[in-house]
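Each chain gets a letter, A, B and C, in the order it is written, and its residues are counted from 1.
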């Protein structure tokens, strides 16, 4: 074991490899910070070149991009309320509120630290207990997955303070939006309102950015506008004055604050690692679920949604903690559990290594080197993030009259660039309008986005379960794991309804 | 410990990181210009088709005279990718790479703005052999076990395949027609999900392509029981074909590169030639071998079109038989 | 009737009508038959949830109105805003975005970006100087060009201007 570690570190800590890791992290943070673009896109672009690189260098580059991208998504989420990557959607809920309260630096640092802690936890789990965890992951079939999806939707809806009914309703709307397009089993188009452009369904990026970002930008913009016309003093005016007096030295994350967020970070790390190991569950689900659980167990749950650092920490740590564990099914069985894992799998194949149970035994050195690189990339991420964050927090504090137009344009053009699709931009603006309407009618937005993200997976799991059970609903409660999820969901609803009563 | 870190490798990667946009020269009439070429692949990134497309992109670029990008468009069961290629300017810079389920089956079963003949295959890359497999500790361990059990208790076995009527589903339909057995057909998102369910014991049988399960077969986690092909697969030489077991069902799936029919024939020929030249190089062959992509017998335009016509006829026959039921 | 009650009634009405319209569509729309499970099973579940939530909102509304505790309905900490006015100006901003993107497709990315940016700044920024209006939009245009055209190689349909 020790010999192996020494050999592997000779590979992993070669100067060129280190250089590639840094290059990758830098590239990843930058791409992740641009709304619509993500690390996955860069990894896909670089795949063919992997063949020409030494495996250790190629791994360094890809790992760097991946990790940088995971954290980079939170920069745009906090600074402009635009989730740079789907995984950062939950981060934008509290992150952007914290920024509006004049605390961008605190928010960004919380995101960075929790991201690195969550990621490292998940890497350690990958290195030491990949095989047992993979066995647990395999017990999740369609029945269990449907229960997991239902549980997380109910959890998020139940957390919409005092508005459980509205939360469930928007979750249902999110699911309905996800149903637009082709039926995954029969292939027939449905709910397209006769528009052939919609037969491909709505893409994730425009819906996500439209609901969260465009609606926010537009509502803030119209408040500014009205203030300019009517000379009205409202909360935006207060913010503007706050921003003018922004002093970064007063916006430092203190040790006490950091310690207070640790519990949320650990919850995120645990939830993220577990969800990451399940094939097909995904970063956004992990982030929203950690956010929900952290709120449940927080000592200040009322701050969530209003710029709570705990909210940022749980979402960001949950999102990043999928980074290591998403490889568990790939290493243990050769099953890519996520788009990123599939791309890494392709890279392994191009380098002559077959993902699967024989991967570790056939390529011990290089895999151990990869493990070391995974941990090392977190340090690079921490360092680079630390160096760059002061600049990012200043950018976040540009006067809203100048910033809102810029963010508005970037979100539109970035959405177009993600798929080179004109339809996506119209979907973006439609989602923006929907977001504005729901905001004005005081609907929570997070359940809608989560419903949209997990809608297709939930539908597939439900229909697969029913096919396996011969068309009988009873099949859904045939698994003890599934029953556990349903009981927990029911208990949560009861708990929240009564906790609310008691407070009033 | 003999890992050489070559300077050339660094140079190559530095070059690609500049992400330079190719110089745009207008393509003139009937020959391939130097604008970037886009290979549209109607599947998700990271799968076997993706790897093959990227091998083409990396090797054929210099012969085709411009950069080649691989675009993954898995939306709407691949229909979005086909739509994109059909709508593109007919100058040969947007081509499609797909198996027959996107171009033939879906065109025949769905209401599409194009016909099967609108897709002109220009290169025949390889043939895939659909393979049936089970978990290693399952009661079924051979074709005979399966047929016997399915005959004893119809609809008791759950069979996972990717999209309905895809290349890993049609052979099952044909076998059921041939033998009269009945299974529960469970659609999945693809080979990865099928394998997860097999390994987790949620379903009984699954169908996939050989390269994706070789490593699980070798480690003894799953057993491949039969191949729907005329000959055994190179990577799974111990697995019998269904013909050997006495069932005359065989349906190999050709992987083809297509141009849309509005692209001038001279450009089609030019594209076919440069892709074949690119794949004939040592680097390309080495890449293909590492990825088990099977690009050692790439055929040009004529062979591709012959096999396309043949496959179309077979798919039509199967669909007609399904509709009779 | 205060604003909160109007808002809640409107929300409940939207939920109920969406849900019922959806169920009617399932009843009378053309759905391709699928083996064992109907293909509308997931939308149907969503419609049931919408109707259930709508009824729940109505029940809460009735419960608290009878008890004269309307304040319990509002989200804790929410501010009272002039919704109609904000809705109207939001609509105008979204309309502007549609015109902007139409111009991007027909006139040219950089020209439209500079123009749209200038208009937005003029409308939104308090105390904007002519200098700010002349410097910032071209910078924005340059940033967009560098990022999306130069680095990412975004493909746009051919347009009239740059």
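In this text, a residue touches a chain if its C-beta (ideal position, glycine included) is under 8 Å from a C-beta of that chain, and two chains touch if they have at least 3 such contacts.
Just so it is clear, the model here is predicted, and its values are computed rather than measured.
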Inquiry  = By Cα centroids, which chain is closest to the centre of the whole protein?
reply    = A
Key: Between A-B and A-C, the pair joined by more C-beta contacts   = A-C
Message = Taking the mean of the CA coordinates per chain, how far is subunit B from subunit C in Å?
response = 40
Task = Round to the nearest whole Å and give the separation of the Cα centres of subunit A and subunit C.
result = 21
Distance from the mean Cα position of subunit B to that of subunit A, given in whole angstrom = 31
Request  = Specify, in ascending order, the residues of subunit A that touch 2 or more different other chains.
outcome  = 185-187, 467, 470
Query = Residues of subunit C that touch two or more other chains: which are they?
reply = 35, 152
Ask   = Going by the touch rule set out above, which residues of subunit B reach two or more other chains?
value = 19, 185
Inquiry  = Taking the touch rule as given, give the residues of subunit A at its contact with subunit C in the complex, in rising order.
reply    = 34, 37, 161-166, 168-169, 171-173, 175-176, 179, 183, 185-188, 190-191, 214, 218-219, 221-228, 234-235, 240, 302, 306, 399-402, 404-406, 408-410, 412-414, 416-417, 420, 422, 425, 429, 432-433, 436-437, 440-443, 455, 458-459, 462-463, 466-467, 470-471, 504
Ask   = Hey, which residues of subunit B end up touching subunit A in the complex?
value = 1, 3-6, 8-10, 12-13, 16-17, 19, 44-47, 50-51, 54-55, 57-58, 70, 72, 75-77, 79-80, 106, 109-110, 158, 163-164, 184-189, 192-193, 195-197, 199-203, 212, 214-216, 218-219, 221, 287, 290-292
Ask   = Quick one: in the complex, what on subunit C touches subunit A?
value = 7, 10-11, 14-15, 18, 22, 31-37, 39-43, 45-47, 49-50, 52-54, 56-57, 60, 69, 72, 74-79, 81, 83, 85-94, 97-98, 100-101, 104-105, 109, 113, 116-117, 120-121, 123-126, 128, 132, 136, 140, 144, 147-148, 152, 154-156
Query = Given the complex with subunit B, which residues does subunit A contribute to the contact?
reply = 7, 10-11, 14, 16-17, 20, 23, 27, 40, 44-49, 51-54, 56-57, 61, 138-142, 181-182, 184-187, 199-201, 203, 279-280, 329, 333-336, 339, 342-343, 345-346, 349-352, 354-359, 460, 464, 467-468, 470
